[in-house]
Amino acid sequence: MNLRKARVAGLLLASVGVVAILVAHWMVVFWVPTEASMGVVQRIFYIHVPAAWTTFLAFGLVALASLAYLWLGDDRADAAAVAAAEGGLVFGAIMLTSGPLWARVAWGTYWTWEPRLTLTLLLWFTYLGYFLVRGSMADPRKGRRFAAVVAVFGSLNIPLIHVSVSWFRSLHPEAVVIKPEGPTLHPDMLATLLTSLGGFTLLFLGLFSLRYSVEHASRRLQAARFRESTGVSP
Amino acid sequence: MTLEGRGLVCDYGATRALRGVDVSARGHEILAVFGPNAAGKSTLLRTLSGERRPDRGRVFFDGAVVSGGDPAWRARIGLVSHRTGLYGNLSVSENLRFFASLQGSPGSRAALIEVLEQVCAAEVADTRTAILSRGQRQRVALARSLLHNPEILFLDEPFTGLDPGGVADLETVLRAIRLEGKIVVLVTHDIPRGLKLADRMVVLRDGRKVLDGPTADRRVEDVVPLFGASFARDRS
Amino acid sequence: MRELRWGCMIALKDLRLELRSGSRLLAMIAFVVLSALLFSVSLNLAHLEVRGLVAGLVWLTTLFAVTAGAGRAFDTEENDGAFRHVLLTPVSRGAIFLGKTAANWVLVWFVTMLAFFALTTFMEIRSPGPLAWHGAVFLPGTIGLAVTGTFFGRVSNHSTLGDTLLPVLTFPLLVPVVFFGATATSRILLERPWLEISGPVRFLWAFAVGSAVAGTVLFRHVADE
């Protein structure tokens, strides 16, 4: 994609995302009914779930882009992987801090060694490792390749998360939206969740496009500087 | 039989090791690569051998593109580097047998002794590699590179640590290989020896080729000024 | 068939080198026995549910020993640049990986057994349950540990962070192995029926096979320069 187009699309998506998140926050505070059993704290759900969804979307993108980079060796795939990984770490941090706040009231503890929670934390650390590997290789080209390998290997953990949830008894709330018999969530709650979900997704995609264009532009700048100093086209 | 690199560019991060180098080596020929430190000599060797994919440019062998990922290509080349690449806790014959088995070449005792005799090292066949002198290890490394009868031999500073006898033996082996019609690419700092041994030379400086031509009638004094002012100052 | 032969040659070479120098194995043995000793003296066993605890400690000790020892599988290769010459042979990268992993697995298996016997002895567990069942749990668990340790040992080998990087990369992947391994081992120690153990064992096998396939396919990206 043209860099200018990516930047404009990024700004547009991020702006719409921010507006949608602001609307979702208004709905969370003033509009949506309070959940009967957990009380007011359940409203964190409208932040936690979209953050979790965005994190997994981001990490999925990192895995796909990394696979493409290993396969094709195209630098644009690597730029996309970094952009998505940074987004994944940020939204993952939102998920991993909002979750315990909710859990403290709902389950009486900030943290519980529940499989889905544990494996999500591990996945987050895997992507932290992604950045450590990238930054710790003397040859940046090798850093990109090795980081892509870590991302692909790490993404193997995603199916394990699903398996562990179904194999072990879990404290985690059951699925309330995507079920074969249709959502059991109150329609107002569903509307708030979907607004927030849409906002988070658009914000992530916007930030992803912006970060991608910055990464791509910085590489082009580096190449141009190189050309200037050496007289050889890269 | 021709090995050819066209427009080779290699980067290590922000450092450009090769800046568009064209080079070729033919059968029955020893090609010497000279240059000061950080000129890109070893990178050129790694690129020609397929160990490193160039960022731009291609390497061809008899017109076909060379890829380090191709096992058939790897079976056609041999390498001797300044690090001998042997396992210290294995004996010489165990080392050679191990590499022979990976190369798919005969690993019988007779075959190993024959290769060791070529490099005048048969007497150390059962010695643990770690206790050999640097020169002896280098001879064993040369024997390892000849095990599978490669068509192209790459040598990266092979004279390092060799005594005069070892250097003479290595020269004899390289001349014999040339007679067999093989290609030898020799990277070295030892300009007098390189000039004596090679048929053609390439001089690199800052990743660029500054000279490509026959070695006949060339003297050290013709080559050194090409290395640049800083090198001449260091030498003096 | 050729791949298998190559893998065996590399594994045998590694094991031979290990037996000759013995330093890595010796360090791992010392680490395991001393850790078991330290765990035994630092925990007040009178107030703890010992069998569950021992299961966790066996897997943790093995995990740390793998990080300290098995991750160094490429050190002998890099000492004098031998790995460059191995990579220049026609051997496939997958066969190199499987060979190195197989040699590492022998070490990890030995260390796990040692950790198990040291901890059950020091913590005075008289009837640890059927040994064959323990073996059935340790087999896939140790394969998973060896595969991951070998693969990321190569990655950290290239990194300027060196050994610091290895636990950051391997622990997130290996914690599930330790979790399911410890669950299965504790259930055997508590004399539970096989039906309760087979679930975690299936998971361990899934991890072992999945990571071995991923490692074999991806190794070429971390093996070459």
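For reference, chains read A, B and C in written order, and residue numbers begin at 1 within each chain.
Heads up, the rule we're going with is that a contact is a pair of C-beta atoms (placed from the backbone, for glycine too) under 8 Å apart; a residue touches a chain by one contact, two chains touch by 3 or more.
Values in this document were obtained by computation on a predicted structure and should not be read as measured data.
Compared on C-beta pairs in contact, A-B and A-C come out with A-C as the pair having more. Centroid distances from chain B, each centroid being the mean of CA atoms, peak for A. A comparison of C-alpha centroids places C closest to the centre of the full protein.
Chain B and chain C have centres, each the mean of its CA atoms, that are 39 Å apart. Distance between chain A and chain B, defined via averaged C-alpha coordinates, is recorded as 49 Å.
As a whole-number value, the distance joining the C-alpha centres of chain A and chain C reads 32 Å. Of all residues in chain C, those that touch two or more other chains are 225. Residue positions 138 of chain A are each in touch with at least two other chains. Residue ranges on chain A touching chain C, taken from their complex, read 70, 118-119, 122-123, 125-126, 128-129, 132-133, 136-138, 142, 145-146, 148-150, 152-154, 156-157, 160, 163-164, 167. Chain B contributes residues 46, 49, 51-52, 68-69, 71-72, 74-75, 77, 79, 81, 83-90, 94, 98-99, 101-104, 144 to its touches with chain C in the complex.
Looking at the complex, you find that chain C touches chain B at residues 5-6, 9-10, 13, 16-17, 20-21, 76, 79-92, 220, 224-225. Only residues 151, 155, 158-161, 165, 168-169, 171-173, 175-176, 179, 199, 203, 206-207, 210-211, 214-215, 218, 221-222, 225 of chain C touch chain A when the two sit together in their complex. By the touch rule above, chain A contacts chain B in their complex via residues 138-141, 222, 226, 230, 232, 234.
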